[in-house]
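Order as written gives the chain letters A, B, C, D, E, F, G, H, I and J; numbering starts at 1 within each chain.
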Amino acid sequence: MDKQQMRTTITAAKERLGLDWAALGQGIGMSPVWTTSACLGMNSMAKAQADALCEMLELPAEVSAALQAFPHKHWDKAIPTDPLIYRFYEMINVYGETIKELIHEEFGDGIMSAIDFSMDISRVADPKGDRVQIVLNGKFLPYRSW
Amino acid sequence: MDKQQMRTTITAAKERLGLDWAALGQGIGMSPVWTTSACLGMNSMAKAQADALCEMLELPAEVSAALQAFPHKHWDKAIPTDPLIYRFYEMINVYGETIKELIHEEFGDGIMSAIDFSMDISRVADPKGDRVQIVLNGKFLPYRSW
Amino acid sequence: MDKQQMRTTITAAKERLGLDWAALGQGIGMSPVWTTSACLGMNSMAKAQADALCEMLELPAEVSAALQAFPHKHWDKAIPTDPLIYRFYEMINVYGETIKELIHEEFGDGIMSAIDFSMDISRVADPKGDRVQIVLNGKFLPYRSW
Amino acid sequence: MDKQQMRTTITAAKERLGLDWAALGQGIGMSPVWTTSACLGMNSMAKAQADALCEMLELPAEVSAALQAFPHKHWDKAIPTDPLIYRFYEMINVYGETIKELIHEEFGDGIMSAIDFSMDISRVADPKGDRVQIVLNGKFLPYRSW
Amino acid sequence: MDKQQMRTTITAAKERLGLDWAALGQGIGMSPVWTTSACLGMNSMAKAQADALCEMLELPAEVSAALQAFPHKHWDKAIPTDPLIYRFYEMINVYGETIKELIHEEFGDGIMSAIDFSMDISRVADPKGDRVQIVLNGKFLPYRSW
Amino acid sequence: MDKQQMRTTITAAKERLGLDWAALGQGIGMSPVWTTSACLGMNSMAKAQADALCEMLELPAEVSAALQAFPHKHWDKAIPTDPLIYRFYEMINVYGETIKELIHEEFGDGIMSAIDFSMDISRVADPKGDRVQIVLNGKFLPYRSW
Amino acid sequence: MDKQQMRTTITAAKERLGLDWAALGQGIGMSPVWTTSACLGMNSMAKAQADALCEMLELPAEVSAALQAFPHKHWDKAIPTDPLIYRFYEMINVYGETIKELIHEEFGDGIMSAIDFSMDISRVADPKGDRVQIVLNGKFLPYRSW
Amino acid sequence: MDKQQMRTTITAAKERLGLDWAALGQGIGMSPVWTTSACLGMNSMAKAQADALCEMLELPAEVSAALQAFPHKHWDKAIPTDPLIYRFYEMINVYGETIKELIHEEFGDGIMSAIDFSMDISRVADPKGDRVQIVLNGKFLPYRSW
Amino acid sequence: MDKQQMRTTITAAKERLGLDWAALGQGIGMSPVWTTSACLGMNSMAKAQADALCEMLELPAEVSAALQAFPHKHWDKAIPTDPLIYRFYEMINVYGETIKELIHEEFGDGIMSAIDFSMDISRVADPKGDRVQIVLNGKFLPYRSW
Amino acid sequence: MDKQQMRTTITAAKERLGLDWAALGQGIGMSPVWTTSACLGMNSMAKAQADALCEMLELPAEVSAALQAFPHKHWDKAIPTDPLIYRFYEMINVYGETIKELIHEEFGDGIMSAIDFSMDISRVADPKGDRVQIVLNGKFLPYRSW
């Protein structure tokens, strides 16, 4: 079972059982964002997490094995087309140089890791229309000189 | 004076006077992120803000006019090359489908705006190495049906 | 049933029953443009709309479920090839800067939303050959400063 | 004087004299959209129009000559980056198949011309936030068979 | 039956019956070029033409329906690879500016239509080696000003 | 003097003297199409032709030398943007397979040369609007087997 | 049977019978290079050649028909990835301007044909390691002026 | 002096003195192809060769230094546009798989070097039109296993 | 059996038997890196190696034949997306000019071979976090002049 | 002074003084690879290092300031063209999946850092031709789960 079949299987079970991502994350003791990303095939679970998730979703062991496999992170298009995802692509390009200036000013030469990294998504109530808040948190990695 | 010349002029004055972006933001009553993005040419300032900034940086009126111009947001490369900026491009592609799932589950069909939008960057102390935290905040816009 | 299968199923039923898009839109109380876009897989219907449409087209519940799914808006080619669609791509590039000038002059810095958005298509009789008229209507979103 | 220099010259004169595009269009008896597009270098003016415009803007004859030249319509990027213009690119791709379906249903096989074409832009007041309305009007051209 | 299956079916029947494109065109009262393009899926036939063609080729009604469908004109590659087709791509790029100069000089600002358009292909005997002659004929469309 | 400077120089002289391409072609005993293409830098002239052209245009010997240089045929964009030139790109892609079928049926396996090649452009009067006619004429080159 | 299936069928038969390309070429009286290219689907054989090849390989008539079909010369990637093929791509780009200079100096303005063309590949013994020698031979085609 | 300026300087001197590439090659004891490629900036000369060439062309020492510099082999376009160079690109793609088959059959797994490589260009008289012959000669490099 | 099926078959057998790449390499007397690359389809094994590997993995002779086939080295994307592989792409671009400078300074004009080449991967213990060490070893190939 | 001017200035001074990269590295107490990369503009030096280097090269303080600036790591081409650099691009693509397999087998899911990273280049004497050895050393970063 590859990651694509795993993803279809998990999504169908989740709909059949009427569970949401938050419940699945809670059930395995992890955040909703990370749990979703692993179920969509972009991260790998430890065995205990994968087994727990399969038990919740009444899925066989081969799904657990697929969840534990180390993924090949792959995307089709250099520029995403879906409007929801494109807007983030746009933010990165509009604010990329700004982020670079401010991280360098605060931390010196280096980067924010996309590996030692976490993300949180939440709703912020607002009378003019609720807002989406996304928190990105990554370790600062200074360039090594040698 | 175009946005590129404005950017070079402001950056040079800022270095000469030994100011940082946080101080410039504070001086005009705005956040460091937004102030930086306007000085780099990706946002436009109101007249009062632009004049205040030019006074702080001892710059002439034409810089203020350039800060007030509505920018053409332009980037050269579909895929950024600088490692600091590329890591954000990677995050968006690795976690894009995850974000889409969770926003749709929470809010329904729609997007998070990149226009009615703000961003904050801060340092989070950590004994294993300090971390960069970036908060993205955008209005949820539901798709209209008609 | 994914959006592609849904589209094929709906189109075949529509041809078999000899209905046009206007009739389908009227039957569910929505415009022809939005109804067509949802049936082609680019928008999601509310349950009542999807059920009504399936009843008109004598289609099973799984088609209704597919109509309600939130779509991944995806297109294959950066530049469309079909002449009818390409002409719109050309208009946007020929008149894009003009639109930008005039919206900025009228509204200030911001954009016209493609989400809080509607479109209407109609025929305009003309003795030298009838004309197509397309009306685009989107909310103005000012850039937020913070 | 090429179209790029012409554009810079006209824009500077317009700002110096405090005129807007609507006034310029009115002054030469043409619509604001078409007038703007010609001043930005994407359409060519007749001699009388170009001379009238240069008189309003106190510009020399060589600007008039540049306005009369037949333009090479050229754009740099297959996919526009500025958010205002990108949104239109997105609309065309999201609704392109829909437009094709509805024009074919109404008119048969053919296209809407981007040459025998006009466009109008206006503000629509709305208590929830004003809206931009754009009307595209193009001759229907049926495919010829032979 | 989609256009691709239609194309395969027609080509196989044509070979089985030993007919050439000229004969097929003559049989339905149309030119060989247009007949070929419709059979390859790039144009749509009227019902009478499609029925006549299917009778000649002893093909069922669903082929006729496919011939009448309005095609999505689609091509895979921005730059064609087959040498016969590439040479035309090369001609257009080598002589494109020349054609633009001469059409503008003769007709003013506008284009030659690719929709209200016909093409003819013939052999020109030549003692140094026969030549291919292709005649392109399209309506001149002047740019509209408004 | 490179081909680009040559082109600018010739075009300016032609405008100053009020000559058209047909007159220039006639003056050197060549067709308007070929003469234009050589003046735009896409073909090379023999010395006698180049000298005659420079005499007509009152241009110095270095222009003649540039006209005689063998050009590097170069174009910037895989897909042309100018609508007049794009329409030809579209024709080649819409009718490319048709042309391939008909040339192969008439001549066997081979191509129509873009080198041993000529082109003619003319106006065809038509009560519904005049038409542009372009004749392409190229030697058939059969594939060699060995 | 399309060219791809033909290629697979021929290659399998060749391996089963233990023949090499040189033997196949000799058996039909043609060079190994051309024979290989036709068997891989990039050239078309005359009927006698195709029948002889199928007899040697004990293959049915439909393979012969496929060998006689005029191919669509198609390649997937603008830049080849296989190192053996890439090195030739590199040679053409490193030495392309050199070849252009020397052909123009010797022959005048024109090209070396890739259609009226042949190629030979052989081994050249060398004590420091044997070498591959490839001879390209194409007719010079002068540009036509008209 | 960079390679681009060197190239312009050498070409101008060569034209002024009426020398051809063969003469320059002979003058420094090297082949015309290699000499041309070094003068165009794609190979580096040893000091004695560079000095000899500069003496023949009456050029100063800085040209010799530029000839000795190790070049960055750079090309602008993935696919060349000039017809003479494009034809070689086409040959490589049409015959690439054929070359791969025949080299592997003769030599085993490996490549033909583009570094330990030479090329020769010559005219082959032919009553039906003279032909260009190009000989590519490169060391076979077997893949190493370890 | 093609290389892709071979790869799937070998990987499944390896997992079933609980072997790692180091053990497989040791079993056939080759390094882990080269053994892995051959099993993934990017290098070809000698018959003895392929047979030994199939015996270890209890696989049939057709797998051995596939291992011996000379591969077409093919990759889908110009820029890899998986973060582990992308980081190497980034290193090559960040340090490419540096490597070029230092190899040219040490060896003269030439390249490091990617064919007569080997690679080793190992773990380097480090109290601040273990490190990956990769050693690339390739023959220097000087450019030939002729 | 930007990084490009800095690079040109340093390279010219290095040549004038007859120093090599190893000597410059030794003079500032850093490795040759890192020193070269900083002088070419791809890394930033600490003030003491930059001042020491400028003293060795007899360069003014503005060069030191440029060496200390945090670089924008930028490259022009997705696929490098220079053969020396391309060979590394090829290695990464040919061996990328192999490296991924072996790092995952040894370390688990994660990447090798390109930031906390060093590189060494050396000559390995070999009777069949000396070899280039490059050692890449990067911290292993495990994916974080949260």
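Everything below uses one rule, namely that a residue touches a chain if its C-beta (ideal position, glycine included) is under 8 Å from a C-beta of that chain, and two chains touch if they have at least 3 such contacts.
This is a predicted model, so every value here is computed, not measured.
Asks: Through how few touching steps can chain A be joined to chain D?
Replies: 1
Asks: Touching both chain E and chain I, which chains are there?
Replies: Where chain E and chain I share a partner, that partner set is G, H.
Asks: Which neighbours does chain B have in common with chain E?
Replies: Looking at chain E and chain B together, the chains touching each of them are C, D.
Asks: Provide the C-alpha centroid distance between chain B and chain H, rounded to the nearest whole angstrom.
Replies: One centre to the other, that is 49 Å.
Asks: Distance between chain H and chain J based on Cα centroids, please, to the nearest Å.
Replies: 30
Asks: In whole angstrom, how far does the Cα centroid of chain A sit from the Cα centroid of chain F?
Replies: Inter-chain centre distance comes to 55 Å.
Asks: Could you check chain I for residues that touch two or more other chains and list them?
Replies: In chain I, 33, 72-73, 75, 78-79, 81-83, 90, 93-94, 100, 104, 110-111, 113-115, 117, 141 touch at least two other chains.
Asks: Which pairs of chains touch each other in this structure?
Replies: A-B, A-C, A-D, A-I, A-J, B-C, B-D, B-I, B-J, C-D, C-E, C-F, D-E, D-F, E-F, E-G, E-H, F-G, F-H, G-H, G-I, G-J, H-I, H-J, I-J
Asks: So in the complex, the part of chain I that touches chain A is made up of which residues?
Replies: Contacts found on chain I: 79, 81-83.
Asks: Can you name the residues of chain E that touch chain H in the complex?
Replies: 79, 81, 83, 86, 90, 93-94
Asks: Per the contact definition, I'd like the list of chain B residues that touch chain A in the complex.
Replies: Answer in residue numbers: 20-21, 32-33, 36-37, 40, 42, 73, 75, 78-80, 82-85, 87-107, 110-114, 117, 119, 121, 123-124, 126, 128-141.
Asks: Looking at the complex, which residues from chain D come into contact with chain E?
Replies: 30-31, 33-34, 38, 43-46, 49, 70-72, 100, 104, 108-111, 113, 115-118, 141-146
Asks: Going by the contact rule set out above, which residues of chain I touch chain G in the complex?
Replies: Spelled out, the residues of chain I in touch with chain G are 72-75, 78, 114-115.
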